[in-house]
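Each of the two complexes below includes subunit A, the first together with subunit B, the second together with subunit C.
Moving on, here comes the complex of A and B:
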């Protein structure tokens, strides 16, 4: 960014447009300061500060949802404010709030420092919010790297656990590889577009979304540009865990600390989709004839791969990872539909919100059902959960039922609306694949519910005493949060009206 | 509380009560019964407040929306709904009170009262709903709660069978109902009652005989019209309060109410069919009732017959006749003409709810007094032992046979008058039915209450407790005064004005006819049946007797034949195919196959970073190749 740009930004004081992100970053710094200032005995209050700060940001974004900046472009074209950007802000803050809640459950069990965790989560969330509003490939890449680097730290956060370290290393290598490929794609696009002289002598480059889109509109069969676009998409596919870039998912999900797994499953995936919608709508729309077949193949393979490999999985965290791949596949359906059906983007966001509620409920229960080594999280851990902790079992059943798309839970409506969008876009084959995938998913989700609700058979003569599964009783705050997620999942299943009109109406 | 809020409270209170009972008080029968009854009381108070508050409103909120298709949930609280609300909440409350005594010693009391609350919720939902989809949802809930309550004594095989039969027969009707709703939406683009009415006023409705007839299928199931009437007599296996609440006063009336709700969709051909089905049911059920020995079965067939009256009245409404209180003169359009049927049907529905609930509860009191003996030929001499029950039951009988001054007289007259004006054949059949009604009711009344006690149980009969007799007295009062329009005031509102009234010579004719039919029926029953332990008709003319019995059996045997000989065999063939192909080859085979693929897919995650990187590069290379046009 040149000095002139900064000066221009200061003149019009566009920083207000980024108030939520700035507030989050300040809060992240404040956390570190607090750790220095507060006596050690008071350190347990710092996470509460992080949660409170995010709650304030969430309320603030809500209250200023229809800001004057909507439709405007700020910071010399780096950022463009839109309704989807606002929705993404709400989504990411909500998600990181819940991740912080999970961290308050999981972190005290280890000897790891705590404050840095919340700090990193806040920074990554701010970067995700910027990512979802970027209008320039440089902004896009910098924000994406901020997210990714933060996640490298978070994934390997429990560094005394070998599995976590392994996951961290794998995520680092794969992430770096995907960033490299994506950057290569961006460079190809930049090179193909070259420098374009604008209306009043201004020079535009292929970094700007608008310029790149105009170029693609004019030359839809430029090989370099198309290759660049596809490579950029492969980087995004890594984020969302779409076939064939899904291979890292189970190992990393298993090794990462549970809150981070939730962060990857919800925020990171949603960031991928926010970016994908942004790119498909603003930059790559002229490449429809190329992208639709690629994305369709990707979606079909992702759905089938995710569901099939989850079928025989017995590790809960790997299961969430593999089934998360299939959710990415359903969501890709919505992205493809959005080429022709304008409201499909809203359907994708609605699905993401239902997915957030259900996934966070499931991870919440998982957080209460693990011991110190949370990588080793088999479905057998849930044996007799319904008898020992009926509340947790009920929340788990609602969360998994919603993920499986059982009516009347929110997940069902999410799938229904997404599939209606796909139907209106005439994606019949993909729809059939998706429905087969949903049927398959019921098998493993209900296998998990079965593990929690029905006693597994043990030979009567077995001398082996069943080791008591590590379970914690939720605190009042935890109970309320989980109950809220479960109730929201049920209520949204009955009354999606307000949320759908908010998302799809925009 | 604003009217909308109190309507919401009325609807949701019973749901809350049912939920609380199901979640916390399954074992505490006493507590559960008081919760449920208190809720019913609160509903009754709120509804009276709402009805006599005079406010009529519609309110709805969007429930689902995809693109331009939307579903909404809402209330349409007009005069019709007010009347139905009154019947459901008030009679429902009295029956709750009655059940407190009647079900006092039942082991599964909590389930029973929970079921009553679910039923109240569903029935109130039908009464208040503002669109056909919502009516359908609550319609199914009513079917479910009816199944639950008939099945209350599920350890008895006959009760389990009866509940199953009721559920399945209703499903058959509901299938047609659902088709009708879908077709209405398809043809008119909306199923909202107010919008349909608006379209009707603008003459923009798509008329087709199929829509009202399919909708009528739903009413045929719920209101037990021929040929779907077979479940109602069997449903008497449920506890008597259930019979009174569901199978006399409210649920079976839902069909009539629904017809009145959709009257803007009616066309003359459909109305003719409806009229004849109602008439046939009225006569058929009256004939069946003559040979019944079980006190509740007599009442069940009489309910069928009276429901037939209401349906016939609705069907007759298409006639152009003078409607009191309407000043349209000769310009009376089709809509107004249907309204006469609505008025007559709803009027009879209301009075019938009072006197039939009274009769059922009276029979419950008799059954309780006789230690669960239900055969009228084993009773006798009860008038001395159960004076209050006798008195109120007598009022009920007088009301149903149409003694002038009692509720049934007015409402039946309105229907007979409508029939006389419109269709002489129907009029004749309905008049004959009225004779039969008086005949079998008086037969039952005389045999039950007079003569010598003919069994040990009847000898030791005793009057029932207060919680049983108070509802009887209240209902008896309503059965007397329920026929006077003045009683309703704001309650019935515009509906009261729709009830057709005969004037001048027609008035005299109708009065004479109804007096004559009542007298013929009553006198012949009094003379023909001695109060002894044997059926006089069976002794004197076994041919006629067995003819009536065979008539009653005919439908069941046809259905049995169909189910056992045709459907069952077809199902067995399908089952064989299913076992071999579906379950064997496709399901097991596919599950095994997919399981194998799953293991394979899982095996790709070898855990080696090298392999992962190659995957990645392969993916990127494939995309590159695609961009280069290799594929």
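Moving on, here comes the complex of A and C:
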């Protein structure tokens, strides 16, 4: 490569284009410095700094929204700035903001260092934002590994608890396996594409999404490339917890600390779907004839498995994990529809936003209803919640209702828009499966609501254990956050216009 | 000369790889693994991939194998504590070997040699240290930075997950600060 080409490559490293990610990374470093510099008595202010920094980044992303660099690629084709990339930035910052809020509730109960938790959350969030905007398999894999390594640490963070350690080990082994599978797929694609000489002497390889897509367009029946694509998608399926790759979900969700479970359920799953949409739209679009049947089978099995296994579940965190599998199934429906219906990708993002609000509300209530050992979180913990803490019970009911898809709430609209997209894409069989799944989900979500609102009969000798369930009174900040999430879920159900017009552009 | 070197290096690599598996002494197995890596690095040198050979020696032989040796010393494994293979393992390895054999056979039967020296201008990026470094600091600058954060997070994680957290001290200092 000549020196001029190298200079051109260096000139395309536009760091301002990645200002939100750079700011998050700098804030993460600043947290560590603050811990060194501040006296110990001031250390409780460091989480507030993390939250403030994320709020600034969120406002910053909103302010210079779709003005600069939109549709361009920077960093020599490693990053492509798109509308979905901006949506992903907003989503991930919002989600990690709420995870940090949950951490301020849960972390002080344990004897673990705190600052490193926020540091890791910030770095992982920045990596997820890069992941959703990557346009090159090297960038893609590096960002994905940063996310995964950060999550390994977060999952096993409460290492005093044996269940947490088990979850950490399982997540480590399964995550490493999925990364290996995905890397193997990327290498197969790279090998199949080989070297392509472009205009003015530049050499393109299969690492670039555009070059790989052009190769697949020209040779849609190349065995190596198709095998590579399937392996890459299997790796992504591990991250979203779709059917044959979902075995890690219940144990890891149960053992991980509550804020991390929320992070896995919302950010990690959304990162998986951002990647899936990116790949399906930019790279694997020519492989429609192979991928649609595979993904359809996966979606149907995922919906049925998630809902059926959640039916008899009494542990709240396992229930969230298993029902999260079924949500991944509904979202896969949208991904399949996006092959033929262009706006289905926006529907997936809308569903993810409603899922974010509802899930974070439920996890917020869970954070206030557990003691130090948050892995043994049975539904019985919620007995008489409506009498003791009516506010928490109301937030829980709104969150669960939205997850189940009860009409006036946002979750209903999310499902409706997703199903309309699937209907337009003629996925009738999958739609029937999804509707059966939704009906099944109402049973277990309402089992949880029933546990919180209706007193269950229990023999006299066991009442003491029920009343001994630890419940913390939310602080003013916590009350405001939970109320905001619940109100947003209700309001979005009635006025989805602004969000849908931004995401779908109708 | 090159052919002879190739044969010798391949033989060294393969024989020591087999010895890694069949050796009963874990330390000897690790040393044979080292020898196998040296053979592989030599093969890379024959392919003009000097940087790859260098990195292989530096990272695997220098860091990974010495880590293995440390762990073997710490675990204090005895040579006789080796279990016999399970039937399932034997069946799986036979199946794997058969698949590998089929793959190699099909490669040999269908092999068409690429035109040698078709594109002398296109030197592989990983061949020389200079070209590699130029790529790292221009085209792939962003992934390099992200990898830096990855390593930082991994290091912090190891510290957090293994170091004893001194809560009592900080609590006493906290109470002193608030009092």
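Rule of thumb we're sticking to: the second predicted complex is superposed on the first by the 484 of 506 C-alpha atoms of A that agree within 3 Å, B and C clash if a C-alpha of one lies under 4 Å from a C-alpha of the other, contacts with A are read in each partner's own complex, and residues count from 1 in each chain.
Simple rule for what comes next: contacts are C-beta pairs under 8 Å (C-beta built on N, C-alpha and C of every residue); 3 or more make two chains touch, one makes a residue touch a chain.
Remember, it's a predicted structure, so these values are computed and weren't measured experimentally.
Overlay on subunit A: subunit B and subunit C fit together in the combined arrangement.
Judged by the touch definition given at the top, the superposed model places A:501 against subunit B, while subunit C stays out of reach.
In the superposed pair of complexes, A:153 makes contact with subunit C only, with no contact to subunit B. Of the two partner chains placed by superposition, A:45 touches none, neither subunit B nor subunit C. Using the contact criterion defined above for the overlaid structures, shared-chain residue A:426 touches neither subunit B nor subunit C, since it reaches no partner.
Shared-chain residue A:248: touches subunit B; no touch with subunit C. By the touch criterion stated above, A:417 is placed in contact with subunit B alone, subunit C being left untouched. With chain A as the common frame, subunit A serves as the apex of an angle whose CA-centre rays point to subunit B and subunit C; its value is 170 degrees, to a multiple of 10. Of the two partner chains placed by the overlay, neither subunit B nor subunit C lies in contact with A:387.
Distance between subunit B and subunit C in the overlay is 13 Å (nearest C-alpha pair, rounded to whole angstrom).
Subunit A residues in contact with subunit B (one complex) as well as with subunit C (other complex) do not exist. Put simply, subunit C touches subunit A in their complex at residues 122, 125, 131, 134-135, 137-143, 146-147, 149-150, 152-154, 156-157, 159-161, 165, 167, 170, 173-174, 176-178. Only residues 1, 6-7, 9-10, 13, 18, 25, 28, 32, 39-41, 43, 75-76, 78-79, 111-113, 116, 119-120, 123-124, 126-127, 130, 138-139, 142-143, 145-146, 149-150, 152-153, 156-157, 159, 195, 203 of subunit A touch subunit C when the two sit together in their complex.
Residues of subunit A touching subunit B in their complex: 169-170, 173-174, 177-178, 181, 223, 226-227, 229-231, 233-234, 237-238, 244-245, 247-248, 250-251, 290, 294, 305, 308-313, 343, 413, 416-417, 420, 424, 440, 494-497, 500-501. Of all the residues in subunit B, the ones that touch subunit A in their complex are 61-67, 594-595, 597-599, 601-602, 604-605, 607, 609, 611-613, 615-620, 622-624, 626-628.
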